[in-house]
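Which chain is which? They are A, B and C, in the order written, and residues in each are numbered from 1.
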């Protein structure tokens, strides 16, 4: 750990010495003004970008005024440029109405959605790289920036990792604007506030923070903003970076922020008072604060009826426990506590293990590691080859290993149950935590059987109870226990009974729904079918 | 601080891994002792037979159930149980493992001499279960009993334990007795233990031979047979058939059985099969002497009526009830009288007196055996025939018309 | 002192877990034979009275732990010495519980594992908890409270469904008169586990709502007492008084008797799960009291520093305090109650209360007179 922190410090020092432009810091030495001579400006751009040929510079002459358009090919909508900017320069017969030429061009001629007058080079680079077109005009020490953003976007597709049966089928994309729009479309309220910032000294990644004013806890919103502002790093490649930089604690396997690619999930989290962080270039939106139990709540829980979703949620928690303990219990049971296995079963297992050359732990380890390798390989392989891997895996692990007498059939059963149980955790980050801890517990089970497992679980629970997510205890509302917020924990109450928002997250506006929301049949003798509950 | 913590944690973990896993025992290194038999030794005090399961031959997995025998029996001698068990390791490649032991067999000889010397080892060992059943091998050695093979259940032990369970609830002449029950009876002043008898029937030459199992009618087989009565830790007598059933009745372990009653002069004409039986034993005191009241209540159905009887008549049913009551009462009274004869309070009447009147018990305790012999016992039976199968009157009824 | 704040419900749960901790495992009140459950209930009543003493003391000094107000009441030097005595007592009791715990595991399941390995792994886990602070321990308590109760209810259902409970084993009531029952209560059950509430004098200031102290602590004691009494009664009703007195760990024997459907049997492991949970909280709270007391007495700012040395003292003492289990138990039954529990749980607090009462009356009088 000390070595690591030393390295980090060194890096920070280094960074201070580097001459990176930094938007957040106004006192930049190279924050130069735009020059009057447009040719100088152009050569400056050429110099800065090293003659990169995707920087398109087009010189124009218009009513005796000379100038140049600069844009980055690929980031702009070329139709917008030709239709709205170039078109306006073709119009030679102009009536400036006594306006200054520059002002005229800005306000009248360039017919784009938004035009901006910019004065310094930082803004120029910013705008240019976000897909705007910069118009330099001879004799002015300022430039027009016209919004011509229009790069290739991926269409909104079905979510690929968090599937649902009844829920909406759209998912976030890599484009920040699309993502914010998806959320805006779901919450049509002016109280849905959006604040944006840029993080990454080099990458200048757009980040948007969204929350519902009046529901979200101001303190948490401020904390999120503070933590984001603190980030000083060259680039943000994905929301995973942000996640790791704003966590409360790094030394944990459990995720303390939630991420989702489903707009409906994020919407419901916003409505519970959480804060969403949207990072440009990542189809996963982070929400915070995140609680342990949240990772067992899937979108479908809310779309099917409460009894069914309660059952399924309990099943999911059971699956998590199996995924955590499966092989460890097998090892402990077969090497320490043979007395707890029913006699016939003990004899059956003993018979199967008779010819297995490895001790139970090694056997379990081999199988688990093999499975993890297969899983990882299946994830990385091109889709066409994936099939082959699963066939090979099934044959190697399932058939051949057993027939060769390397592993016992029981072990195969245990490993497969564990593996399948692991996939039933809705969020990958939590599933992988269970997977990692599983190996630790297997080790403990080998040393001390159930006592070891129990100590491991005790350790884990102390750790879980000590975690916080943006100041909120991670195990809330189980520990510390909160009666009022048990509506959506182990048992999902019917929607009409989930009257309150989780009080530890949102502040103030707690009530979700009106009185008497419980539906029922129409009152007797009432001819109109339009009773309150029916609709 | 944190560093020290992490380092010490790692140290302890590494230490514990390196220095070996003390209690770890792989399944394949264990010899599951399914049953133990105690016989009188020649030079040493005991000869202990260990019935060890051979897992590969029992379980019918993919590897194919072995053709071999499901069990192996080893015999070793020792003055104590531990000594015998340790001596046995000279013959067995695996560590003897007692957690799954389901049966303790004691030869009649050992039982008559007193078996107290093995009980503490069984009671004290954390691995051994005191819920293990105990039986006395009648007319044979315990070794023969644990060596016998059975054909329906692959594991002979399962046969015995399951059989005891079935016969207890279907016939009521035996009752399951485990080490705990046995010890509780030994220790108590006001109760003596009973233990099931088991008998190896048929040709003893064939015991433990696989080819015997190839026949539909094996030459040797095991059978539950009688209840052994103990007094002061020594076997003093046997109760059999109806008398054993009487004992089980008083112990409130009978669930179902068969009661034959005569009708119109024909013996065993009607059979009543109880489905529920409940026995209540209570004590009351008269002139400073305890009197035991036994109230048995059972309900059942008529399973056979081999005579001309009108079962549709409630009065007839009432009469059958009375006859059944008389029959049960007689069985119970006979067993009580027999027990009084040998002065062994196997019913736990003493404990009842103890609970009802601890002060009086203090006086009676010392001489309870004799007190028990003269104890007055009232038996009251209430029997109810609830239904009579899927026929109303037996065919005899119409045949004689 | 750590600036922890916990809720009344958390305090309640900690009291319950602490009281039940090891009391449920060992045969509590075996001297009273089949009346053990009554001895427990009598002990509970005595314990409640004792707690009222601690409560009055807390009322006088609502923001201070025991080690601080000892100095206020009896002066700096005597108070300091007494405080040290209490710290040693807490350490010793933590040691004893750890030993109990280790012995249980080594006699039942881990027969060939050295005691020190079992104990050191346990103490490491506890040290981690202490390191994380009191609030975290309280939260872990909440997490396990439900699990413990679930197991307890499952256990009771299993035992009764297996037909093991013979109510008549509880008779005759008062076979040897009331003397052994009262004697057991006075000698054992008042001080263990109910008098052990003295450790909570260190934690009462942590409660965020001082008005709820009585409710949380006494409620917890009553619930725990009833649970222990029920356990004792079930043990006797299952095993009979004779086997009950003969068992080192009656609950283990009781659970061992469960046999259901040829499948649910040999559930000793369930017992061990409870054992780890109960042992954890009992040792943790004693341990924490010792750590907090030391930090308070010697003015350490950071209590976490202390968890390590004190943890090691507890670990090594737990292996060395007795050379065999019989000695350990004998000490626990004969020496500890008379020479440690009675003075430290009952006599000293009584004296403290009297002095505090006199001092505070004087104080009250002076302003009213002036």
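Annotations
In this text, a residue touches a chain if its C-beta (ideal position, glycine included) is under 8 Å from a C-beta of that chain, and two chains touch if they have at least 3 such contacts.
Every value quoted in this text rests on a predicted model; they were computed, and no experiment measured them.
A comparison of C-alpha centroids places C closest to the centre of the full protein.
Between the chain pairs A-B and B-C, more C-beta pairs are in contact across A-B.
Relative to the C-alpha centre of chain C, the farthest chain centre belongs to A. Measuring from the averaged C-alpha position of chain A to that of chain C gives a distance of 47 Å. Each chain gets a centre from the mean of its Cα atoms; for chain A and chain B, those two points are 65 Å apart. Distance between chain B and chain C, defined via averaged C-alpha coordinates, is recorded as 42 Å. Shared contact sites, meaning residues of chain B that touch two or more other chains, fall at 16, 23, 99, 127, 129.
Residue positions 336, 339, 448-449 of chain A each touch two or more of the other chains.
Listed for chain C are residues 109-110, 113, 117, 121, 128, 265-266, each touching two or more other chains.
The touching residues of chain C, when paired with chain A in their complex, are 7, 9-10, 105, 109-110, 113, 117-118, 121-122, 125, 128-129, 132-133, 136-144, 262-263, 265-269, 272-273, 276-277, 280. By the touch rule above, chain A contacts chain B in their complex via residues 1, 334-336, 338-339, 343, 346-356, 359-360, 402, 409, 443, 446-449.
Interface residues of chain B facing chain C in the complex, by the touch rule stated above, are 1, 4-5, 8-9, 12, 16, 22-23, 99, 126-127, 129-131, 180, 183-184, 187-188, 354-358.
Note for the complex: chain A touches chain C at residues 336-337, 339-340, 342, 448-452, 454-455, 458-459, 461-466, 473, 475, 478-481.
Across the complex, chain A is touched by residues 3, 13, 16-17, 21, 23-28, 30, 32, 34, 53, 55-56, 58-59, 61-63, 97, 99-100, 102, 127, 129, 155 of chain B.
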